[in-house]
Amino acid sequence: MNYLAELLASGLAVGAVYGLIAMSFAIIYKSTGLLNFAQGEMGMIIAYVAWSISTSVDGNPFIVALGSIGFAVLFALAVERIVIRPMMSEPILSQIMVTIGLSVIFRSAIILIWDGLPHNMAIASGNQLVDLGGVRVRAAQIAVLVALFAAIAGMWAFFRYSRFGVAMRAVASDDATAQLMGVSSGKVQMAAWAAAAVLSGVAGVLFAIAYELSPSLYALGLKAFPATILGGLDAVIGSAVGGLIIGVTENLVGGYISSGLKEVAGFVIIILILMVRPYGLFGEKRIERL
Amino acid sequence: MAGPVAPAGRTRIAPPLLEIRNAQIIYDNAVEAVRDVSLSVPEGSVVALLGSNGAGKSTLLKAVTGTLHLEEGVLTKGSVHFAGEDIGHARTERIVGNGMVLVPEGRRLFANLTVDENLTMGAHLKSTAEMKRLKQMVMELFPRLAERRSQISGYLSGGEQQMVAVGRALMAEPRLLALDEPSLGLAPLIIDSIYQTIGRMRREMNMTIFLVEQNASRAMEIADYVYIMENGRIVLDGPAEKMRTNLDVQEYYLGFSGGDGARKSFRDVKHYKRRKRWLS
Amino acid sequence: MRSGYYKETIVEHINLTDSTLQRAWIGIGLLLVIAAPFHFEFYGLSLITLMMITAIGAMGLNVLTGWTGLISLGQTAFMVLGAYAYAISTESWGWPPLLGFVLAGIVPAIASVIVGVPSLRLTGLYLAITTLASAFIVNHLVLEFDGLTNGSSGIFVNRPVIFGYAFDTDAKFYYLTAGFGILTILACLNLRRSRIGRALIAIRDNDNAARVMGIDLRAYKLYAFVASSFIVGISGALYGIFLSFVTVDGFPFLLAIEALAILIVGGMGSIAGAILGAVFLVGLPEVTSFVFSWMGSSAQSLLSTSAHEIKGLLYGLIIILFLRLQPHGLMGLWQDARRTWTLWPLKY
Amino acid sequence: DQGVTDTEILLGEVEPLTGPPGLLGVAHNLGVRLALAEVNAKGGIGGRQLRLIAEDDGYVTSRTIQSLRKLIGVDKVFALTSLSGSGQALASMPIIKQSGIPAMVPIGPLPPLYEPPSDNIFVVGQSYTEGMHQLALYLAKEYPGAKWGIILQDDDYGKSLGEGIEQAREEADINVVFETEYARGQKDFASEMLRVKDAGVEVLIAGGIISENIAMVKEAEKLGITPVIATFWPGRVPEVLKAIGPASDGIYGVDYVAPIQSEAGQAFLELARKYLTEDEVARVNRYTMTGYSSTRALIEAMKGCADDLTWACTIEKLETNPPIDTGVMDPIGFGPDNRFSNSGVTIMRADYETLSFAPVGE
Amino acid sequence: MTQKLLQLRDVTKSFGGIQAVGGVTLDVNRGEIVSVIGPNGAGKTTLFNLISGVLPVSSGSISIEGQDLARVPGHRYVRLGIGRTFQNLALFKHGTVVDNILVGRHWRMKTSVLEAALHFGRARREEIAHRQKVEEIIDFLEIEHIRDKVVGTLSYGQQKRVELGRALATDPKVLLLDEIVAGMNQEETEDIARFILDIRDELDIAILLIEHDMHLVMDISDRVHALNFGRTITEGRPQEVQSHPGVIEAYLGHKTEDAAPQDARAAGGLA
């Protein structure tokens, strides 16, 4: 029983990391129709910046949090403005390709600016172990779950109550026409990129605290992408659920069957679910009628 | 070319609200879709633009609303002024912010948004209270939409979609409303009410209307001034009353045969290469 | 200056070339291909060989993604299968290489049906994920069935001997690859102008309308899968021979992204685009190296430990800049150039 | 032969210099450069200075092959000082054999590289299998009757380790209660470690490379279990200990290279400080030592051929020279039918305090 | 031989809660032009979608030349002689006009993948023969000047003609035209009217027409079928339907003894 509980706990913890990054994929997709292949890399860079801040201010968690969120926003805005915006009216595949180019740049930049080594990132008591009724987890793992649920609540309220949420969807649906309504699709895109960067930054930082900080952190993006698909590309909250499902499945398969099947199991689940629901669990169907 | 003047009773010597001068538009660096077109739309008037398929009408509207570049089109010569400002190369949102709204060709609804959300988008720049009032008005104009309010708009019938497209533009209460074939695919009854509404908006709100329409008889009924476009040029223009008496307009746009004032039947159309007098 | 040729018969419309000039260009191209080994040495030749193998794979992907609009991130799976089918049949079982190549096409083609059938309802990125998933599963299976595949240790592959002729030198292997390349180009061009190619394009542009025109969507999507993975499988076998060693590590996931990148950079859906894109992306590291060496040796030593990271940076930067300036890819560039050429000196 | 002018001798190598594997490649590269700088400072070989061209393959096999062709065919180097990782080296064998260029393989020595011996490929170090074999034997003796858990990577590296353990099991009594393979690139080891805990493992073979071992040990710490943990040499770098934190204290390791903290290690650092920049010295690790040592062996052979600098001569000298002792590992020597230095290994333990490993029993 | 070509019996289609088509019974005979009219959202296009196999019927039956279509898969309808155009344009945007029309010939071609890849013998002969046919259609519809243009760059009205061409290329027995003249001016509408009549007379193809242009409907149809809320209001000769009170109330909006009062007004302006 405790074994299962511990498997579930660690599954949820890592799933929450996937979920946060998956949400950032979905936010950008939902509001601009673009898939940002550099999302994992952006999370990684933000984690490294947080690490740099923490080593220079002696780990004051508030300064680290403020600093890295601030950086995440500025970073995202800069990327959006300099690289993505000029491509806005170009074919979507070209835009996606640009994000692939970005991911190459970011990966190189990490090693150029910092180094290729794994690091132990100890911010505040994120590393501390907490005992939850016999199940031991790290504080950062709890934090990541809390962050995920906060993000879910925030996104739900935003898309439910804000007119800006409708505008975001309109831009994704047809940005030229959205402009005809007076929507500044540039602003929408900026907001989406900033929000996505903050979410994936939070995921990156907390993952780095609970596990490790290394230049292969970007691979989280490769995990989160399937999670987004599982939840539905344009389903922001659904993606979070997708992340949790994948995290838990992997751990259950690893715990009861074999580790070698972990990765494969996640993908098998996705194939099965997509066969029944071709637009993911919560995704919107492509609307077509003649 | 004289161009239309402000409607009688409103004698102001202001420049027209929308003015296009000697515009040339080229697609893909190769296709010249509009050449040397000048046209003006005075404040408070209704100006109609007629012309056959591929004449360049929609292209002109795209230029006016700054959406040309999305299709690799460029305004290579000439200028477009709206409310005194040169908008030839301005961004769409800015043009819309200044008070011009377009009902684009092909409806262009946000397919996965509901009818209601589509209308909300129309009033994007308005306050929430305003939006509610305008939505009320649109729903009255198109009762059909009230029934379909929370349906995903992509599944609507063609005509219903057209209603949403027109309604969405009305939601913006623009200073100048540009309509690309508003009656396309609509039932006669609905066309009546759209034209009534356009007329009312113009009267009550002094809205200016720039109308591209294939339903020439309808357009001429409501328009003050008419331009006719062929092959990328303006070939004929004049006040609506005068245009109605033009023999070519009667034959090619209104379907009367030989000037005797009777509509000829589609069954009797003969095929021979006719020559329009204005294409001499 | 030419401004297009007037066509009088229908045959002229379906011919691949429409002018003597074009035929002359093709002739020159062929001569260049034949002459390459006499001019390039060891390294240059292997670079060209790699470009050709990549181009074959890209043309294969183009059938599925460019024509039919089905985005795949699983092409590495079919490459792996092709490479293993060839390696196992020729090296472990001692079958003749020609048969090995046939298997290298057929095995992935069959596998693609298995991937394709459950994916028929999927579109866009949703399909991309299931193909990605199949790539992971294939890798897992290859490692699992180590009795057949030798697991993670891999299989050595010798240069083939076909009808007693040994393609053992680099130049000979290059000609073999070039032969496959030309066959692939011809097959793709022919497919494109046939009813099959048109059906695929129709599905991409509007699948509902395609169905009303009598196109069986399921069948044709599977055709696309099969044709694409057949070609990709062949390129996998060639790649295995090129590396002389087949393991799953030799086909990293990155290859799938790179294949997609080639199509985008080349211009989606165009055969010439796929080829140009392959040349561009395979050659790009050379270019960055060149730019780097051009920056001078002092700069190089200054950045001794990070020189290679800077190359990576440059690589990404060039891709972004290229797409910024030429969003329609190399084919777009080519068309612009040609239009300017045919229309010059008139502007429009 | 090629690569030799009146003033210069060109050497080449391929290794991962970018991305995470760059940790290994860059360090190795520094070792090679150190060896070259040392001879160059003493006037080079027969008055010729040595120069190195390093190509980056990012650990991708096709790029290794491409780079080798470039080094051999375009740059025309005289000899090769590395063929990148084990899989890459295996794939390179046909080209190397065909060209006849002398090549040193100091990273990832796998048996197929030297069994049967190829004329011109010289493998320096010890195989993973033998290293693991020794480590397992030692642990079996030290912890008799303990329950073992084994976590291995699903590639040739993991397979070699597995074979080493198998060999040890034939000779000693090892009670394995849990064994699993994970897919390369895995980051989260929670379920594996839970099973380790569940099975009551007392000796854990953490068969990852770098990140994986860090993850496993941290996970054990989280679960509150303290098995004896054994890691393998690729991860025997100070950064790993630092990244794991205090929980890394007492981890076993095995290596054929002396720890930095040892006398020989310190002497090596001293040498490095003489020829490398401060920035570079900071990146020195065990791969620097293997790179240095194997290159020294090559250089000694070349020196022996100073007047007749040919491939044949160099190969012959490599074969006949007495073993070269660099201090940081067993003397390196080959023989007529031997292309493998077969260096002896030492079992060591980590000390978190000094972020280093020390041979057991010291 | 029966004159009945297309028969609909009690056809129903529901989407979730909405019944878009509710029990429609309709026949099209050989050589007939039948129009379907009705307010927006009455279910006309949905009816076409059912007849052409885009959507499955919820209940009721459709048959062509006596063959029931219930078990026929969507892509085989065209083989039975059903061709159509789409209200909202459903062309293959990246293809040229010729390409688009050639797709209409698809089902008549038999080349296999292998033959196609080799482009030899039958593949080549077949291709030439069908291109010939396409050229005839292009000639017939007078669109030579745009034959090599990429369809996505054509104007709305031009695209509608290409659609008509593509539908004709399928050699239909009955041709379904969904608002084919929407977006066309008088002159172009006249052209299309002539095409429709010619198609019927020369090619012997029956035509089922959805149209909101009452002049056209009244002038060229043999019979008119009026729908509202998916149900039939009335069916009959054009004049009868036009003066049916249900039709006037739901659709036309005014009594139309005279077909076009607004034109009369316009004409009055001349005097």
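Each chain carries a letter (A, B, C, D and E) given by its place in the written order, and its residues are counted from 1.
One rule holds in what follows: a contact is a pair of C-beta atoms (placed from the backbone, for glycine too) under 8 Å apart; a residue touches a chain by one contact, two chains touch by 3 or more.
Since the model is a prediction, treat every value here as computed from it, not as a measurement.
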Interchain contact steps from chain B to chain D (minimum; 1 if touching): 2
Centroid comparison with chain E (C-alpha atoms), farthest chain: D
Label of the chain whose CA centroid is most distant from the centroid of chain C: B
Distance between chain centroids, defined by C-alpha means - chain C, chain E (Å): 42
Separation of mean Cα positions, chain E and chain A [Å, integer]: 49
Centre distance in Å when chain B and chain E are each reduced to the mean of their C-alpha atoms: 27
Centre-to-centre distance between chain C and chain A (centres being mean Cα positions), rounded to whole Å: 32
Multi-chain contact residues (two or more partners), chain B: 28, 31, 155
Overlap residues in chain A, where contacts from two or more other chains coincide: 107-108, 111, 260, 263-264, 288, 290
Multi-chain contact residues (two or more partners), chain E: 45, 54, 86-88, 90
Residue numbers on chain A that touch chain E, as the complex places them: 290
In the complex with chain A, residue positions of chain E that touch it: 45, 49, 54, 86-88, 90
Residue ranges of chain A in contact with chain D within the complex: 3, 6-7, 10-11, 13-14, 107-108, 111, 116-120, 122, 127, 129, 136-138, 211-216, 219-220, 247, 250-255, 258-260, 262-264
Residues of chain D defined as touching chain C within the complex: 17-18, 22, 26, 56, 60-63, 65-66, 69-70, 72-74, 87, 90-91, 93-95, 112, 154-156, 158-159, 183, 279-280, 283
Residue numbers on chain C that touch chain D, as the complex places them: 41-44, 46-47, 50, 140, 143, 151-154, 156, 239, 242-245, 247, 249-250, 252, 254, 285, 304-305, 307-309, 311-312
